[in-house]
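Order of writing sets the labels: A, B, C and D. Residues in every chain begin at 1.
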Amino acid sequence: MKTYDPHQRFGRPEGGWREKLYAIIFESDTPAGMAFDLALIGAILLSVTTVVLASVAEVARDYGDWLFAAEWFFTVLFTIEYASRLLCVRHPLRYARSFFGMIDLLAVLPSYMALFVPGAHVLLNVRILRLLRMFRILKLTLYIEEYGMLGRALLASRRKILIFLSVVFMVVFLLGTVMYVVEGPAHGFTSIPTAVYWAISAVTTVGFGDLVPKTDLGRAIASIMMLLGWGILAVPTGIISAEISQQRRSHRTCAACLAGDHEQSARFCKSCGTRLPGT
Amino acid sequence: MKTYDPHQRFGRPEGGWREKLYAIIFESDTPAGMAFDLALIGAILLSVTTVVLASVAEVARDYGDWLFAAEWFFTVLFTIEYASRLLCVRHPLRYARSFFGMIDLLAVLPSYMALFVPGAHVLLNVRILRLLRMFRILKLTLYIEEYGMLGRALLASRRKILIFLSVVFMVVFLLGTVMYVVEGPAHGFTSIPTAVYWAISAVTTVGFGDLVPKTDLGRAIASIMMLLGWGILAVPTGIISAEISQQRRSHRTCAACLAGDHEQSARFCKSCGTRLPGT
Amino acid sequence: MKTYDPHQRFGRPEGGWREKLYAIIFESDTPAGMAFDLALIGAILLSVTTVVLASVAEVARDYGDWLFAAEWFFTVLFTIEYASRLLCVRHPLRYARSFFGMIDLLAVLPSYMALFVPGAHVLLNVRILRLLRMFRILKLTLYIEEYGMLGRALLASRRKILIFLSVVFMVVFLLGTVMYVVEGPAHGFTSIPTAVYWAISAVTTVGFGDLVPKTDLGRAIASIMMLLGWGILAVPTGIISAEISQQRRSHRTCAACLAGDHEQSARFCKSCGTRLPGT
Amino acid sequence: MKTYDPHQRFGRPEGGWREKLYAIIFESDTPAGMAFDLALIGAILLSVTTVVLASVAEVARDYGDWLFAAEWFFTVLFTIEYASRLLCVRHPLRYARSFFGMIDLLAVLPSYMALFVPGAHVLLNVRILRLLRMFRILKLTLYIEEYGMLGRALLASRRKILIFLSVVFMVVFLLGTVMYVVEGPAHGFTSIPTAVYWAISAVTTVGFGDLVPKTDLGRAIASIMMLLGWGILAVPTGIISAEISQQRRSHRTCAACLAGDHEQSARFCKSCGTRLPGT
């Protein structure tokens, strides 16, 4: 089975124990590589659970020692993994400076810093970034096709979505300022940024309710904003729906005229009538 | 009329009163079977209403005796029904261990337990599971085609939806942790799980408002999260829209070239021009 | 211009002033009929505005006399209109018992009742039903085609939507009961109906925030419900999107083989290849 | 490169420094014109940031002098720009009375008025309208195609969306009045407009929570409204999805038979088989 290897640019060593280690850590088409990936997913999830539990005051008080031990166990584990990654690639610096290389470092650094630097405990929450490491493994799973399709659909719509978001942003900004003038600091709209925050919560239909219009005019404007936001939600949905429908069409290319975009079930090229390859 | 019988694996008895009982209880293509289904729907809805009313303090105080009587009436009724089901199938154990067999038992058990075990009153709410019994009957109605189509559309999209949910979950987790650091326990974000609960309420545009960001940075992050959640709602909608559009195409297959995916109204194969079967 | 006349069954009188009156009141293809419709829309909107203003305490105090005068002006106007409608149709009783006949009566009755029956003032709000009279006129406008298309799309999807709503209702009921057990009356979930009300506000992403889970388990369940509701919103959207796309296809029928459902741009029948009529 | 010029009607001067100025200010197909546009975007965003910051009490107190200086810098800058625009077009009055001409004036006027008219400080917030000037430049960017497509899709659906909004408005009005009667001023529903404001917040799934039903009947009605609003959100989404899918088809017309609506990738007319122009 040939799988996608996003780490090719780090350089696959040729022969020796380094190639074997590389195959286990960076690839997933051997039983050992697959097992490593599964173990890594487990370790990531468990270590993240540790971070989460440590933030709950009661748990931290009662099971503090266990959490501390688990934390160090995972820190050492990820340190060994990080070192192994550095060891087995041909260009360690290129790996260390890559996005996932940084994440791998950030996954262990805070624990060491909290040890040596007083007051660095707040940095411990950075360890939640370990979750991002899941993305590396997700790329290598059976789900890669769906993942790619959603990504392509979003990529193909990025300009329409940008246009949409910029218009929404302007509307929200203008209406937020209007509400700042109408309601004023007396009703909690203390500044334009605060009013824009409220306008976003109204247009996106979130409606926290910490700020609410209290004047009749303010309520009328709020009503229009809510209807507006509720209605224009249809626009991004329509954009992405149309894009995904498009993506469903196959990517086969006619051998005779190079036309693409044929329906999944088509057997003949719709441009020149030649039989399509693989039918 | 041939209807779908999800209970076939329990074994249809051959001849005698047991077959007649089976036809009434498990099938719905005879007048008696249809009447039984309707009566059962009525009994389920009434008994669930009893459970709901018993939870309202004023009603429980004023009409407690009536509710108690009604409750026992339905308990005895469902007990008789459960016994009949056990009696008339060829493999009673297989039925008892099936999903609906368990639900049928759970529908009557709490009432008996509340009688014998002191303090088991809280279990009475388990009786609300009787509602699930509706699903058994829903399967047998005229709506089976639509039910199946929606189910197939969701099933066909399950991998895309899983990818989507896992990405959403990671985003919510990371941003929840960020808010925990930014706002902190002083503003109600007492732990990471609490912050994640808040992040979910923001991204899904629910916005209860029991927790709200109070710092400027927190409000800025919240604004981005609201826009994000509002915008990416378009993704699952697009996935399912495309899938349902696809499901609308008929599943007929051309007898000559085995091509499928023809439009509902097509009479000739779009691949080879042969007349489609059944037109 | 031939317009749709939903009142045909009331009987169009033949000749005389009654036919002329009928043409003005019930039809809209003459200048007089068109003017009558526009005047009626204006009168309805103004009279509804009167009702709305009368509900605002400050306005009622300061302009009570003006509102009272306006109210009686519209009441007399609508009474004359109602009498004219009764007069000019051939089957007055059939009209009086029709849906719009009832609405027309309810539009004037409360004002007279408030005059004679003491304490009937609360009934005055029934006059807001005058708004429903707008629907009669909407039916006769240029928008009839879009109105019909949306209606057909909703009608064609009604079974899928019913399935969807019944599943949503069951989920909401079961999860509401779970929350009633988990949170209990101490946290505001005083009865199952209250808990179901909360569950609906969570699943539909409304989130008023008057009731909120306070236990960790309750928050976890709430998180799942919010994600669930946010995600399954995609289902009705997908149903209706697919239906509207379908409705966009033309309703032309092939003269040779009677096949329908051709694309808007098609010039030849896709079933038999005969040229389509009107191309 | 030929770009769209929305200002053509102001008259392009022929020759001289005025034509050169016109090319820089109103067009963007020369390097100087492009640079001017980018500088203008920067100036607009910075000046809007100034307005926003001035509304935050702490910032206004600590950096008031800087903000005042920046404000006058931008006011003078935009004044020069406005004068240049007036100077270089052939019909200055036509420009001054156009939409963007008014916005350009409103972008500088409040600063001067605040100087001469005491108490005109509240007008300073009008300067936020400078944001609208972004739209002029957006029109001239690479995004013009997507912008046009979204606009066409919304325009083509405007009648369906109007029908939809008018029905939603009536439903919201009727149910708001019902809630006013059911809940009454005692529970915060002090008038019909207030109740309609609440109804809109419920139907659009915003749910601020400043007003909530407190009676059982009110909660039941609210539940129905939430489900209704959540479900019918599917309607505008379906309308726009179908429209965008339609817009994706190319607008090329067959030279032989004048048939349109061909797929983007089609090379031969689907009606008569003639090769399409431009392929």
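Operating definition for what follows: a contact is a pair of C-beta atoms (placed from the backbone, for glycine too) under 8 Å apart; a residue touches a chain by one contact, two chains touch by 3 or more.
Remember, predicted model here, so these are calculated numbers, not experimental data.
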item	value
Repeat of the A-B interface, chosen from A-C, B-D or A-D (over half of contact pairs identical by residue number)	A-D
Remotest chain, chain B as reference, centres from CA atoms	D
Chain A-chain C separation of Cα centroids, rounded to whole Å	42
Cα-centroid distance, chain B relative to chain C, in whole angstrom	30
Chain C: positions in contact with at least two other chains	193, 205-209, 229, 233, 237, 239, 241-242, 245
Chain contact topology (line, ring, star, complete or other)	complete
Contacting residues of chain D [partner chain B, same complex]	205-209, 237, 241
Contact set on chain C toward chain B in their complex	159-160, 162-164, 166, 170, 173-174, 177, 180-181, 185, 190-193, 202, 205-209, 212, 216, 219-220, 222-223, 226-227, 229-231, 233-235, 237-239, 241-242, 245-246, 257, 259-261, 270-272
Of all residues in chain A, those that touch chain B in their complex	48, 51-52, 55-57, 122, 125, 128-129, 131-132, 134-135, 138, 143, 146-147, 149-150, 153-154, 161, 165, 168, 193-194, 196-197, 200-201, 203-210, 229, 233, 236-237, 239-245, 248, 263-268
